[in-house]
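Notes follow once the structure below has been shown.
Chain lettering (A, B, C, D, E and F) follows the sequence in which the chains are written, and residue indices restart at 1 in each chain.
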Amino acid sequence: MPLIEYEDALPEVRAVYDDIMETRQTDWVNNFWKALAVDPVTLRRTWESVKEVMAAGALDPLVKELVYVAVSVTNGCEYCIASHTASARTKGMSEEQLVELLAVVGMANETNALATAYGVPVDDAFRRS
Amino acid sequence: MPLIEYEDALPEVRAVYDDIMETRQTDWVNNFWKALAVDPVTLRRTWESVKEVMAAGALDPLVKELVYVAVSVTNGCEYCIASHTASARTKGMSEEQLVELLAVVGMANETNALATAYGVPVDDAFRRS
Amino acid sequence: MPLIEYEDALPEVRAVYDDIMETRQTDWVNNFWKALAVDPVTLRRTWESVKEVMAAGALDPLVKELVYVAVSVTNGCEYCIASHTASARTKGMSEEQLVELLAVVGMANETNALATAYGVPVDDAFRRS
Amino acid sequence: MPLIEYEDALPEVRAVYDDIMETRQTDWVNNFWKALAVDPVTLRRTWESVKEVMAAGALDPLVKELVYVAVSVTNGCEYCIASHTASARTKGMSEEQLVELLAVVGMANETNALATAYGVPVDDAFRRS
Amino acid sequence: MPLIEYEDALPEVRAVYDDIMETRQTDWVNNFWKALAVDPVTLRRTWESVKEVMAAGALDPLVKELVYVAVSVTNGCEYCIASHTASARTKGMSEEQLVELLAVVGMANETNALATAYGVPVDDAFRRS
Amino acid sequence: MPLIEYEDALPEVRAVYDDIMETRQTDWVNNFWKALAVDPVTLRRTWESVKEVMAAGALDPLVKELVYVAVSVTNGCEYCIASHTASARTKGMSEEQLVELLAVVGMANETNALATAYGVPVDDAFRRS
């Protein structure tokens, strides 16, 4: 699929690119959005959704990026690992935090498989009253 | 697979159960470990590994639990979602944090699929020098 | 693994290649089959199965290709995305159809994760009498 | 997680429920939305997104439901299989179409694994000029 | 989906059931086949394929069952874990072998995630000349 | 992430590399470990765990490597497929065994999807008394 640069983009695509750059306080747009731009409807909806979900709230934005990396590793999405690791670094993630994150993701994938393999029943204490 | 209770457990299994309860400051052991107890070698190795990985470090233990939930949802492991959501609550997770976490996990699964579908190439800016 | 070209292939492999080209009305065989050709038994069984499954029936062949792309994206199989997207185009898929397909696949991956995360019970109305 | 019924719902949740029932021309809301209602922001965003993605366009709504089922099977989401199979039936899917769909999904999961296992390189003919 | 019993089955379905029972030297058919029987074409093709793939060859049938369990755990298919664990026991798997198998599957899921997370490049020594 | 060579490694990393080479009776270390070496704690724990799990026991080491390949294919981990296929060859796997293994993995992925799609209930005979 082609990547659509700003100068070749439709007005509704440029509007999304402008909002991405303003929200992130940067002067460039990463390839994910340039690829989605062949479908301006999906581009807009996805950007609006990501902006809403990743904003500061009860969880801080760095924690949300760490969670994004964890899901991306589990799904084996190389692009997403690269882009969200970079975003997490921008938001202050240290290398010590990164390697601890990946250790947790590795361990979780192991114990997920073991719990599934052994067919472990959910403890009553884990069910909410 | 059977669940092995403390009173029926081998000494090496009891030793792991004791360490779980002491580390967590609780008086019970959840079913995951009682299932693994049919294989004392895997029980011990898995517990020692989880204890090391989930301890406070550059990331705080609550963040690690949130990451664990994120991986477990992505893998569809019902037991793991239940147990690590409960652990996260014990470590202070609010309901607002939980729903934000799940929103991020949902979104990440969507954009992972889109990035894969569109075959997005990794930006040079995301590759480290 | 090597790719086995027609001129280097065993007679039973050539017979499958010939049937692929005749069924598809083309003069070439794509790499998937050339890779499987190291195992003529699997090559034959897989081709016969794919031919049976993908033939016109209650669903038309283009819809079946769209479904194939959806599964391939969800599994992250780059080769399969490329080959079945190409097949779908050959069978008439427009670019508008492709981007709508990928939007559905993205959305389905998100709501699958949310339904799993929230542990939603199946509605009685969805269970068939 | 609790299921929130209409009579117990906040006004912004009721507004979404009303739009779901009007859009679908039904008098009930399925459990997925009642579970998401604990997070009205995610409920609204997810419903608006699903409504936009699943509307008639270049692909007809039944084909989109078939694709949804295919992704849900591949991810192993029991709730999603049940709900989107029911939706597909409502939109006219026959039992013959359902079993053909599932046969394609099964086959795609097999050949995805084989293509990955054999490390098949993408054919030049599948790369677009 | 309904389960189709022998006495209610079409002749072509009964023929498959008979071959399953004769091949396995048993007097019953497990639910997987009774579910697939709503689609006699898929029933026949799937059974013929499974019979061919699982027969003794360069790998012995027990090793093939262990591999089947490993894939089923990784995919989180509860039915498949149960049925192939039972088949493996029938073919002589001991409890010691089962727990070692599951320990390998757990470990493989962890190191798969770590290799993906770290983006490890394939060693030249692993590429075949 | 960087790959850390022996000459640039910390003493605790060198100790792991030395144990890898001695255990495997080789004079080199593959990239997986050189990548993990940025996190000496995870390197050590992962190596000790892999060494324990993959040692000869009730299952022989070749069977364990076959299982590792099966999981790696199912997860789509290219690095892991390459490294564990190479290890299996070192331990005596023939090409006939490899192609049979991959045929089983392919078939298992198909029937896993079918069992999930059809929602097959576990047979009473598969539940242990």
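Criterion: a contact is a pair of C-beta atoms (placed from the backbone, for glycine too) under 8 Å apart; a residue touches a chain by one contact, two chains touch by 3 or more.
Worth saying up front: this structure is predicted, and the values here are computed from it rather than measured.
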Chain copies touching (chain C, chain F) - same or different residues, decided at half shared: different
Between D-E and A-E, the pair with more C-beta contacts: A-E
For chain A paired with chain F, centre-to-centre distance based on mean C-alpha positions, whole Å: 28
Whole-Å separation of chain centres (CA-atom averages), chain B against chain F: 21
Averaged-CA centre spacing for the pair chain F and chain D, given as whole angstrom: 34
Chain A: positions in contact with at least two other chains: 41-42, 46, 49, 53, 74-78, 82, 102-103, 105-107, 109-114, 116, 118-119
Touch-based graph of the chains, sorted into line, ring, star, complete or other: complete
Residues of chain C defined as touching chain E within the complex: 41, 45, 49, 52-53
Residues on chain A engaged by chain B in the complex (per definition of touch): 1, 3, 28, 30-32, 35-36, 42, 46, 49-50, 53-54, 57-59, 63-64, 66-68, 70-72, 74-75, 77-80, 82-83, 85-86, 94, 96-97, 100-101, 103-105, 107-116, 118-123, 125-127
Residue ranges of chain C in contact with chain F within the complex: 38-39, 41-42, 46, 75-77
Contact footprint of chain E on chain D as seen in their complex: 76, 95, 99, 102-103, 106
Chain B partner contacts - residues on chain C that touch it in the complex: 73-74, 76, 78, 81-82, 102, 105-107, 109-114, 116-119
